[in-house]
Amino acid sequence: MELMKLAIKKLEDRGVTIEDIAEVTLFLQEQYIEGLNLEECTKAVMQVMEKRETINAVLTGIAIDEVAEKGLIDKEVCDLITEDASLYGIDEILALSIVNVHGSIALTNFGYSDKLKPGIVKVIDNMGKEKVRCTTFLDDLISAIAASAASRLAHYGVDEYK
Amino acid sequence: MELMKLAIKKLEDRGVTIEDIAEVTLFLQEQYIEGLNLEECTKAVMQVMEKRETINAVLTGIAIDEVAEKGLIDKEVCDLITEDASLYGIDEILALSIVNVHGSIALTNFGYSDKLKPGIVKVIDNMGKEKVRCTTFLDDLISAIAASAASRLAHYGVDEYK
Amino acid sequence: MELMKLAIKKLEDRGVTIEDIAEVTLFLQEQYIEGLNLEECTKAVMQVMEKRETINAVLTGIAIDEVAEKGLIDKEVCDLITEDASLYGIDEILALSIVNVHGSIALTNFGYSDKLKPGIVKVIDNMGKEKVRCTTFLDDLISAIAASAASRLAHYGVDEYK
Amino acid sequence: MELMKLAIKKLEDRGVTIEDIAEVTLFLQEQYIEGLNLEECTKAVMQVMEKRETINAVLTGIAIDEVAEKGLIDKEVCDLITEDASLYGIDEILALSIVNVHGSIALTNFGYSDKLKPGIVKVIDNMGKEKVRCTTFLDDLISAIAASAASRLAHYGVDEYK
């Protein structure tokens, strides 16, 4: 539980709140569930956050972003990560750790969010592009958590989250 | 090579040409590669079709659609497949067989195409919804092949396909 | 719940009991949990069986084995499946549907069981090799369920299953 | 190509040569290919090393091991990684980046090698256990590369590597 709090704090330190992620979930799922609201999405996001796979992926991914940003690793590897060339690919793989345990709906929603970059995903992606921060792993983590919460809503129904 | 021809023929029998799939690839990739045309996309799609993983997935997926359509398997399983409830999920998993061997770009494009249903994907999906045919596996196969061809274009560059 | 019962019945019809699968789980996990017994493994296997991903994969995989066995699909595809050449690969992919939702421990145990073929996995694999039945998908399904139950035991501890 | 050389150098700096990995491949594949020798396995390993997915995974995974070893990241995350609890799981996910592009045979061999720890995999795993170095990601990278080379040998035949 302590590690979950740390994961949420690290997300906030990097500019991402649970509510920001819930808004992405709402965007992904509102066309399928009539009347779905942000509060229900927030609860679903929190259930995704409780999972060990999510906590480990968030803590590891943000740690890589941070050491790349600070230049604490070999310059070539730093460049590889901070440039986030479309062919780097390790960021999407790490996010799979979260997505896989939430089934096929999480997987397709992850791909969709990763390409479309709704809400906070775009904000974070731009921070990376403008070299404000290294956000290579962060934007994929957000898409993965939001997509997994969308999958939970689809599987268990919104009544679970009222 | 004989099996590849059979896979292409089966796709055509179910209403999908290589060019239809290439159009989805063009849709997915044209914003990243200036001047990308349908011929280049068609060549990339053909390279995806040559892969054993693609051939096996296409032949198996279409075989399941066919036996479900004809009622040759247990009624409960038939219903499960023909209804293609969003929670079935085996169709997306089978498509991963094609997508995985083409890397992260293929994966995210697959999710994107599966949600957005551009061109022939929508046509085939509608055929399934209107119970004209069972197309549960077919639409995911199309998205997977198109997304993998998009990934090839991103990895190897369009010059490879001129 | 009806579909879970059907999935268990189909496994039994093909020669596989829940206890057979629990024995594979016991083999995979007994070195890590002192005093682990078959009853606890059986309970863990039953929890894996309750998951929609497991039910759908079992029902679909066995349906393919059956139609291939009966020759109800194109001869070339039938041959592809019944021969279960090491390069076919769709059987392992389908099993991933079960394994993925149970995390990394399930994944590595699946690979291990698929190569080593402990207990019932070997029995079923031999049935396929001797052409008694088509068991191409069945042996991978067993490994996937057993490995996922092993992962549950590792994650939640054996006390959950006493 | 420069990055491939760097990846090989980083592996060597951490105590792993290409030949060490080729020995794992030989162990995995010799029962299936009569007369398979270390030279052929070495060539197959080198082809896996050339892939962008491998290079990126190796450089990223070793970078994480290094920063965790040096304590350059948050203590809680450091502990999470250096302890390499069986439930951490991100190391196996990163290795999937290599394994996935090489198909199903690579996947099952990866799980097998990860559990059995043949040759250098055990040596490196022990280094981690004895806290000589942080090797959490390194042992999975080795299993993934060796398993992918085994898959190449199975797919393309040994003649390709003579």
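Going in written order, the chains are labelled A, B, C and D, and every chain counts its residues from 1.
Following the convention adopted for this analysis, a contact is a pair of C-beta atoms (placed from the backbone, for glycine too) under 8 Å apart; a residue touches a chain by one contact, two chains touch by 3 or more.
In this text the structure is predicted, and so the values were computed from the model without any measurement.
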item	value
More contacts between chains, B-D or A-D	A-D
Most distant chain from chain B by Cα centroid	D
Separation of chain A from chain D, taking each centre as the mean of its C-alpha atoms, in whole Å	27
Distance from the mean Cα position of chain D to that of chain B, given in whole angstrom	32
Residues of chain A whose C-beta touches two or more other chains	52-53, 87, 89, 93, 96-97, 103-104, 155
Residues on chain B engaged by chain D in the complex (per definition of touch)	52-53, 97, 100-104, 155
Residues of chain A touching chain B in the complex	32, 86-87, 89, 92-93, 96, 103-105, 107-112, 114-116, 154-155
Chain C - residues contacting chain B, complex	2-3, 6, 10, 52-53, 56-57, 59-60, 63-64, 66-67, 72-74, 76-77, 80-81, 87-90, 93-94, 96-97
